[in-house]
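The structure is given below, and queries will be raised subsequently.
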Amino acid sequence: MKVSLFITCLSDAIYPRVGEAMVRLLARYGVKLEFPNVQTCCGQPAFNSGYWKEARTTAKTIIEAFEDCDFVISPSGSCTGMIHHYPKLFEDDAVMHERALRLQSKSYEFTQFLVQVLGVTDVGATFPHKVTYHPSCHGSRLLGVKDEPMALMSNVKGLEFVPLPYADDCCGFGGTFAVKMSDISGAMVTEKVDHVKETEAEVLVGLDMACLMNIGGNLRYRNEPVRVMHLAELLYEGVKQA
Amino acid sequence: MDTAKSHQNWLLEMEAQSRSKQTSFINGISAKLRRPMVTEPPRHPYRGSPDFWNAYEWDEQERIDKFTENFQSVGGHVERLSSMDEVRSFIADKAKEMSAKYVIRQNQPELEALHLESELPEASISVWNTDPDQHWKARSAEADIGVVLVDHAAAYTSSMVVLSSKDKGRSVSLLPTVLIAIIPLDRLKTRMGEVMVHFDEGGRESLPAGIHFISGPSRSSDIENDLTIGVHGPGIVYAIIVG
Amino acid sequence: MSHAPGHSGGATVKARAELALNNEFLRKAVKFTTERLKNGKLKAMEDHGNWEEWRERGRQIRLHTIAHLDYYLNQFVDNARANGVHVHFADTAQDAVTISLAIAERKSAKSVVKSKSMVSEELHLNQALESIGVEAIETDLGEYIIQLAGEAPSHIIIPAIHKNRYQIADLLSEDAGEKLEADTKVLAGYVRRRLRAKFLEADIGMTGCNFAIAETGSMVLFENEGNARMVTTLPKTQITLMGMERIIPSWADLEVMATLLPRSATGQKLTMYMSGITGPRRSEDADGPDEMHIIIVDNGRSLQLGDPEFQELLNCIRCGACLNACPVYRHIGGHAYGGTYSGPIGAVLTPSLQKNIAEWDDIANASSLCGACYEACPVKIPLHEMLVYLRRRKVEAGHGNKVEGAGMMGFGALLSKSGRFKTVLKLGKLGQKFVARNGEIRLKVGPLKGWNTYRVTPSLPKKSFREQWGTMDAEIREGLKEMAPEMKQRMEQIVKDRTKGGGNGHGHS
């Protein structure tokens, strides 16, 4: 079984620790991740802005990069969700369409893979902190990743889970939206952080570094000492502690 | 007479225009859908509510209880009475309590049999559409109380259904300050679908001009989300379940 | 008194949004209202149960009807005519206005009482009626208020969401010629009395149409106040404006729509009134209109027919649930959308009804594509996807933003090759030397201005993931344990099921 890591640009460039946590956590189960280094970005910024020609170019790179593996896992529900758009992107090209469908069928977000494929809900971690969780829209709403992170967190020893009020509300990232409509986006992330503060959690956890960069950026801007982590990081740190 | 005639002519002219326009309008739709015009009834596999819903039914007591609960939750009043005699006393008491001067009722035999006139000698009671010279909409508008016997009811949504006819004005359930509606228990069903099925089965020609589902008093939350009862229609509605 | 057409303050979505974002009252009011409606909907869904099945049924009925719209529209028209209705067809807003005015002139109408109709808002009909000296009176409480203010509705269900009771009291006091207390009961009581007289004296009643039943030629109205009943009961002439897509086949199908619409709009099991009007009054009836007209309006709707990406837009039942679910709408309110329809449905519908792409404004960009609208929609319209299609069409038609276009071309070129991506990272690390402090960038200039007005940007770490991979990979390989047999078996089974073409249980909804 060949399982490949689709690192996503944000985790590659800014948050390599998330990729490392995934790699090392999965190695504990005998899953040796491969890293096809020809991979780049999923193409979502171009796709969402309407530049499908450009999106196709990067999509093709991703399709080729992961052609010969059995599973593709990523630390982002949004980037995995983008792969689910590839068939639409190539609807006029039968060959590419077929390849896109194949990639879609084997692409998983990290917790989906852990829970649905490996059948793991308890990684044996200990994390004695007050934690709240932001379910990113693309992962939870469009990809349907809802129960997996909850199951994983509920089995972490010492973890005190505090539900985030209005958790399902978008954090305001939305890719280029945050730049093009910066004031609306700013109002949204400000509201999100207000809710994070209400929980009095020490740690905010999520499954998408884009949203976490957005929320974390506003937390830092307001000098709020909340630690922001991807769930993979939390689990791996908790496993090392246990 | 001449204007009426010329108006008829104008309507005929408009109809001719409309019929010719219909052809291009509908043809345009077929063309957009990239196929010839559909002229045979298409198979409609999803018609109506899901099967599990069509099989859903409450027993009589449950229908009464749920109707009551729902109707009260939207600000309506419900009375459970056993006979039309009790209905007569109830209406008479309410009318006296509210010092009602004008009462209007539908021209229905069950209401006729209540003999409200003798119960309420002080009040003026009019019977819908019994005199061609009366301005019946105005009579309804000045009425304190409108009394109707409903044609159907559905407990799940606490809806009373009234159908218009020569003897049953739409205004009677709409314009008075207070509406008193009588629901014979055997007309109280569980779902509104049990009422609608009659309209489908009876078809176009069986339908009255006005079918109204009334599920509580008139209301609005348009001002600062603050609920107001009795905006245009009756603000006080009594549903009397009899039988 | 008439509605200001379209835009209020500011030519772009960004400018209008900025106005709204700085209006503290507006933001609070919109937030409060949308939350009330949204929570009402969630509770109603839960109370009723099996919501997903109802939703799917609603979607299927709408899909079926639209796919056979020619048949059902013909059937409706035939039946409506048989009921004695005068049916008219209007390709454009102008056609619909012309027909409406012709009827008003024929009837020598002095006043028209109107119940809420979004189609009428599309046509800007009130101004047209006034231009020929006919008084047009909105009778829905919220609509009456904004008509007095000379504004357009900012929410499809609660049109005056943006006004507080003091502003409303001022408007109504001016109307009354006496000072009215800013108390809801007092204000609503005044409107009741004032409009009661208008209903009784009006020559024409004008309505919209929530649904039109093909098999019986009936038109159906949902409302809570009773004004739509007044409008269809009292005046001698009734005109109904109906979007050409409002059709459903039968009363049985109406039960499904009546299950979805009020719950999705306000969380009600059913609106206080649901009326099915089948033709003008019967000759022996003593109320109801003598003459009834239905104007079937296209006005851009047929542009979506036969377009696989947008046809589902015609399934919309105008409940407003997407507005209440939308975090963007909550912050900027309805007027920032600059069209008749606001919120996610407005962001898609407004450009879709307009053939000329060059005239599309920036509205489709005012979304983070979070999908809350799709999740809330009772007939499952994928609005978040349609927004992307609109953006694509604008780009492909050559009306994209030039700077952005150049950037995206660079994006495509850079990210098609991982080597180029590495080069960019290197340049980034070099560049940030001048701006990063303690792993953060707080500078508010250039491309970071908007972002850094609300946030701090993380700087790039010393080594990217791909630069660390070699070492990490070697470490992992050493001493990698054997996978548990049952885990291996699970994985193999999944791969096997996949090749059989079986559904992958982790799909996109």
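Labels A, B and C are assigned to the chains in the order they are written; within every chain, residues are numbered from 1.
Convention: a residue touches a chain if its C-beta (ideal position, glycine included) is under 8 Å from a C-beta of that chain, and two chains touch if they have at least 3 such contacts.
Everything numeric in this text was worked out from a predicted model, so none of it was measured.
Number of steps on the shortest path from chain A to chain B, with steps defined by chain touch: 2. The most centrally placed chain, judged by C-alpha centroids, is C. Centroid analysis (C-alpha atoms only) places A farthest from chain B. Between chain A and chain B, the centres computed from C-alpha atoms are 54 Å apart.
We define each chain's centre as the mean of its Cα atoms; on that basis chain A and chain C are separated by 30 Å. Each chain gets a centre from the mean of its Cα atoms; for chain B and chain C, those two points are 30 Å apart. Not a single residue in chain C touches at least two other chains.
Listing the residues of chain C that touch chain A in their complex gives 13-14, 17-18, 21, 27, 327-328, 331-332, 365-372, 374-375, 384, 388, 390-396, 400, 404-405, 408-409, 411-418, 421, 425, 428, 440, 442, 447, 449-458, 460-461, 463-466, 468-469, 472-473, 476-477, 480-484, 486-488, 490-492, 494-495, 498, 504-509.
Against chain C, the residues of chain A that register as touching in their complex are 1, 7, 9, 11-17, 19-20, 23-24, 27-33, 35, 37-41, 43, 45-55, 57-58, 60-61, 70-71, 81, 84-85, 104-106, 108, 112, 116-119, 137-138, 141-144, 168-170, 172-191, 213-214, 216-218, 220-221.
Remark: chain C residues 29, 32-33, 36, 50, 53-54, 57, 60-61, 64, 67-71, 73-74, 77, 79, 82-83, 86-89, 91, 102, 106, 139-142, 145, 158-160, 164-165, 168, 184-185, 187-188, 191-192, 195-196, 199-200, 215-218, 224-227, 229-230, 232-234, 244, 249-256, 258-259, 266, 268-282, 284-288, 296, 298, 302, 305-306 touch chain B in the complex.
Across the complex, chain B meets chain C through its residues 7, 10-11, 14-15, 17-18, 21-22, 25-30, 32-34, 37-42, 44-50, 52-53, 70, 74, 128-129, 136-138, 140-141, 156-159, 164-166, 169-171, 174, 191-193, 196-197, 199-200, 203-204, 207-226, 228, 230-234.
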